[in-house]
Amino acid sequence: MTPWFLLFGGLVVVGALGAMALRNPVHCGLSLVVTFVGLAGTYLDLGADFLGLAQILVYVGAVAILLVFVMLLTRTGRGESPEVRPGGWWWGGLVAALVAVGLVGALASVSGWKPRSEPMTFPTVRDLGVALMTDFVLPLQLVGVVLTAAMIGAAILALPERRGGRVGRTPKGEEPEQ
Amino acid sequence: MLTLDADGKQGGGGGVDRRFEVLPAGVESNGEGGSLLEISMGPQHPSTHGVFRMDVVLDGETVVRLKPVFGYLHRNHEKIAENASYLAAMPYTDRLDYFCSLTNNWAYALAVEKLAGLQVPERAEFLRVITAELTRLQNHVCLAGFLMQDMGASGTPLMYGFREREKILDLFESLTGARMMCNYMRFGGCRTDAPPGWLEEARGVVDRFPRFLDEFENLLSGNEIMMARTQGVGVLTRELAVSASVTGPVLRACGVDYDLRKVDGYGIYPRFHFRVPLGDHGDTYDRYMIRILEMRESLAILRQALDQIPEGPVIDPKAKLRGFRPKPGEAYGRIEAPKGELGFYLISDGTANPYRYRVRPPSLINLTVLEDLCLGHNVADTVTILGSIDIVLGEVDR
Amino acid sequence: MNPAQPYLFLAAALFIIGMAGALARRNAILALVGIELMLNAANLSFVAFWRHGPHPDPQTGLMFALFSIAIAGAEAAVGLALIIALFRHRRSVSLEAAESLKG
Amino acid sequence: MAANVDQIFVHLMQMMVDRVPDAVAPWVRAAVGVGAVLGLFGLLFGLTTVCERKGIARMQNRLGPNRVGPFGFLQFAADGIKSLTKEDVVPRSADRVVHYLAPLALLTPVVLTFLVLPFGRNMVLMHVDTGLLFFFAAGASTELAVFMAGWSSRNKYSLLGAMRAIAQMISYELPFILSTVGVVMIAGTLSTVGIVESQAARPGEWLARWNLFTPWGLAAFLLFLIAAFAEANRSPFDLPEGESEIVAGYFIEYSGFKFALFFMAEYLGMFASSGMAVTLFLGGWTAPVAALDWIPSWLWFFGKLLALIALFIWVRGTTPRLRMDQLMDFAWKFMLPLALLILPVVAVWHYLGGGWRGWLFCTPVLAAAYVLLGRALVGRRRIQRRVYRYAGEGVAS
Amino acid sequence: MLGVGIIKGLAETGRNFIGSYFDRDRLVTVEYPEQRVPLRENFRQFPFLVHDGQDAAIGLRCVACQICEKECPPQCIYIEKSKDKKPDHLGKPQFFPAVFNIDISVCMSCQICVEVCPFDAIKMDQDFELSTADRFGGLLLGKTQLARPNTHFQRIHPREAAEIDTRRADERQKAEAKAKADAEAKAKAAAAAAAGTAAATTTAAVDAAKPVGARPAPTTVPGPASARALPGAGAGTVPAAPSEPGGQV
């Protein structure tokens, strides 16, 4: 319960609430970035500095920009469709409340927490590298495959059909009728 | 204001294949739901050369329609000249293509001399050739500088060009009294003779100019970015160039061998040996390189002229300055101005004022092909293409 | 009150906010934002357990969080590509428009 | 004597920190360090703007500003005051909050990148073993700020400029990061101090082991530098402010001090990336030749930094601007493949022991890749100088 | 090879950067208010009226023939003839302009007025620092503001001024010689007349009644009889130009 945790935790919660509650979608995207920064701070506070910086690099550097770009491409934020499903908050709130009760109940009732046997050793980047290359080499390769597949899939989906390949076209290659 | 509507001109394009069909006016979307972006570049746009507006319709980044709008600098030059004496019109010709006042003067003087049948003494002919070629040098230097400026070279080539132009303008100032508004030629010769030491100074400038040209080519012609941005951009086909009566370096860049100095042989050009460079692709890079090579040819002419200039009177003693009344008739004098064929068509009815005074502006006629060159390119290229055609609004709007 | 609990409460709060938003929002992109929040909540709990958890082996929690960040990046990319494709066909991004399977 | 001149700033810091009670000591140390760095680079920003204008002026054979202060070197003070006093116009339709936050959101990450730069022997503000990753994480968040600026001013041109800037920064970020992976592989650590120490001259040898002196190091250095040009929107890549095309980029609707902030952020970004280039490839604060070790380390760092800044200015004065599609092609079809190729080459260099055998293998591979990729980039329409024919003669002169 | 052109370009700007510190040919700019580029002799800005001697009213060469007013392309010269006459440098009484305005804002210094002026009365000045706050009155220069002594003309256009001065000095010499010849002829005629009085006193009386010569011969002595006392013009018998310092042939 260090002071840093209070600061970053506050950032996370405020950002998350903003991301969900703000009217203008682009503002939601920006408050999402605040959440990511808060989370990165929490990771640093927990000593996982490689993870914190990777979080910023991946999320703030790429995902947030992607999100905001897509918002512009699909012309959201002009307020045509009502942002919230009718009665949405009521539904969302109910389910969330149920889950909240379950989670908090579980967390509060936990007991018998064995303290760590030996003191915490923070792995350096070299240790992470060695671990990645030895114990976790299979997941690493799989993540590589998944990322490539995701990249190609996203490209094909996003490319407009006119210049795209055969995807989404009738066999003779004309435009699919709307 | 004279506006060349896209439809009005569409027919004149002749059987030219265009990669992008010109969208008829009024069509708002490009068929895939993406709306067209209409932007108006000018008249206060940093890259249009003077007050000139282009209504560009963009589909994404590519140009689908471009309507040049000009007339902002129209000063009624021709009607004023018809109500003034022949001599009074001479200083106004400086203001036509304000970069090349001496070639404008020469074209007008040539037309009047044809009209009135005046003879021009030898020394005056040599002085006319020397000043005209110096004007061509400083005009092409300016063009190359502005073209690079449009491509974002932050002014370095432009400043090199201006540095050399300064020396030439100093020559004009000591000969004619003004740097750009020379008002130097009279009917039957030139106004004043070269002051002592002027020819040596001119010889000095001509000898130092090639060093600058090599530096200029070193900096730019080999530059990959510049080549990538100009080669294959704004290709003008021979047929379109000839049918749109384009003249000057723009025409020669398409490979058409038409240089008035060789075709008409006016003045004493036949005495000098010089070559006419021709391009093969007709794109922006060719237009730029043709002008660089023409500068080298002008230097050759200047060296020969400065060697062979004789002594003697500078103006035909019989030529009357005031009360000049040529016999009724008409005449069309044309010269190879730096921008193309600059012509003056005069009809005299025997009085002191010309009955009809008409200027053939090379810039305006070269400008008519702007839309055909820009179709299919993006906005950055339209600016470069406009720069390569080298228009001066004083001549376009008159 | 063991050392990891505050972080777990934070993760729970984040998860709940994400889920509520994802369920309530009509706009597909903001639903995706909600899902991102939930993913990050899971990540936070991993790191909390890695830091204060009893298990001696140092890297498993950290590694899992690292991989989940990479996968979340890929997931966001594909999700947004889907949304763009949906927008092209339906001209709108609201989730109601996406219920018909044709086309 | 040379040692304490070299450590003069460390001793100064130590004196200040000793006078303060221990509880507050780390805060004071951080505050003094950050204050010094910000002050120094703020001044350097001012002087660079003047040197840039005078340098480019001299390149163009003119004088450049020489009215304000001796030889015009107080010009930046005049510009600063002017931008402070100018009226700060915010467009009515702009999104006020995001419009206000954008310059701050752009400036803070750029200033953060200075934390990990090793200015001299043990003169680094944040000695952490993931220094390089911190640099790239902070660098990556500038695009978001650019988007905020472009989108919030609700202006068609600023949005277009912002889109162009982001597309350019994202596509050049990959080569920017990948070109440093080679250095990390050889140095074995992500910490910038570690990287610099790995390049120092070994006790026996007379020549330092800078990464620049290796074939792959030279290639990676050039890639890093070109990507740095693109990240800072400078010289051949200053497309977003392509004034000759669509009007200035994403900061059209900013005036007064906020515009100066954007301007400062661009320059500080330039300093940060050239500082990182010095750290990674030019051996940070190490002397090139062991004999010159008596010169203080921080002098080496700032000397090399100023040399790179001079290169930034030099290139800006020479090259015209690339077109948008050419810019993208160059990034994806030339820079990225070359950056990816460097990684295996570095691996082989490492296992060949890095002597002449390393040179024998790496140079031809890299040179061949450079030429082939260059030809592929140019594609079928050959881009080269043309030979012109003259009227009347068939053959060209 | 990609990039070689750019490197050559960099070398070029580098050479210019260094060259601009040494090579006078490269650095053409001068810091204007402090250093000034010497003007070329033929440089022309706005016209001015030349007057001999120190007093403009008397020495003004302009005879208000209004040729320049007619020939000026933008019609920016306005002249009103005076009623009375004053003798010009040859002593011949000529009109002079009562009003001579040039609207500097219209004039494009095209120098046609100088060409067509038969009396070398209007020449081109070289003063181009003419910024005024008042656009209408300030730029309409009257006769007094336009008039400048011949010395000024000799300073700014030395070669041209020298030619004109020699030409005018020759004309004045011819006029002097002619005047002296008239005087001697008249004196001889008077002597002959005196010799002949004895023979024909009556015819002489008739001669004396007719006024002497059509034009009043230039008084070789500055007698009070001439229309207005002209201290400067045409008084001296010495052929040199009257009383201007230097500026002689």
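Each chain carries a letter (A, B, C, D and E) given by its place in the written order, and its residues are counted from 1.
We take it that a residue touches a chain if its C-beta (ideal position, glycine included) is under 8 Å from a C-beta of that chain, and two chains touch if they have at least 3 such contacts.
Bear in mind the structure is a predicted one, so any value in this text is a computation, not a measurement.
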item	value
Smallest number of contact steps required from subunit A to reach subunit B	2
Interchain contact steps from subunit D to subunit E (minimum; 1 if touching)	1
Intersection of contact partners for subunit B and subunit E	D
Chain pair with more C-beta contacts, A-C versus A-D	A-C
Where subunit C and subunit D are represented by their mean Cα positions, the distance between them in whole Å	35
Euclidean distance of C-alpha centroids - subunit A vs subunit E, Å	90
CA centroid of subunit A to CA centroid of subunit C, Å	5
Distance between chain centroids, defined by C-alpha means - subunit B, subunit D (Å)	43
Residues within subunit E bordering two or more other chains	2-3, 6, 9, 12-13, 16, 26, 28
For subunit D, residues contacting two or more additional chains	59-62, 317-319, 378
Complete list of chain pairs which touch one another	A-C, A-D, B-D, B-E, D-E
Interface residues, subunit E side, partner subunit D - complex	1-3, 6, 9-10, 12-14, 16-17, 19-21, 26-29, 31
List of subunit E residues in touch with subunit B within their complex	2-6, 8-9, 11-13, 15-16, 25-26, 28, 40-44, 67, 71-73, 108-112, 115-116, 124, 159
Touching residues (chain side subunit A, partner subunit D) in the complex	24, 26-27, 30, 33, 49-50, 53-54, 56-57, 60-62, 64-65, 68-69, 72, 124-126
Residue ranges of subunit D in contact with subunit E within the complex	55, 58-63, 66, 314-315, 317-319, 334, 370-371, 374, 377-378
Interface residues, subunit D side, partner subunit B - complex	56, 59-62, 156, 236, 238, 242-246, 316-326, 378, 381, 383-386, 388-393, 397
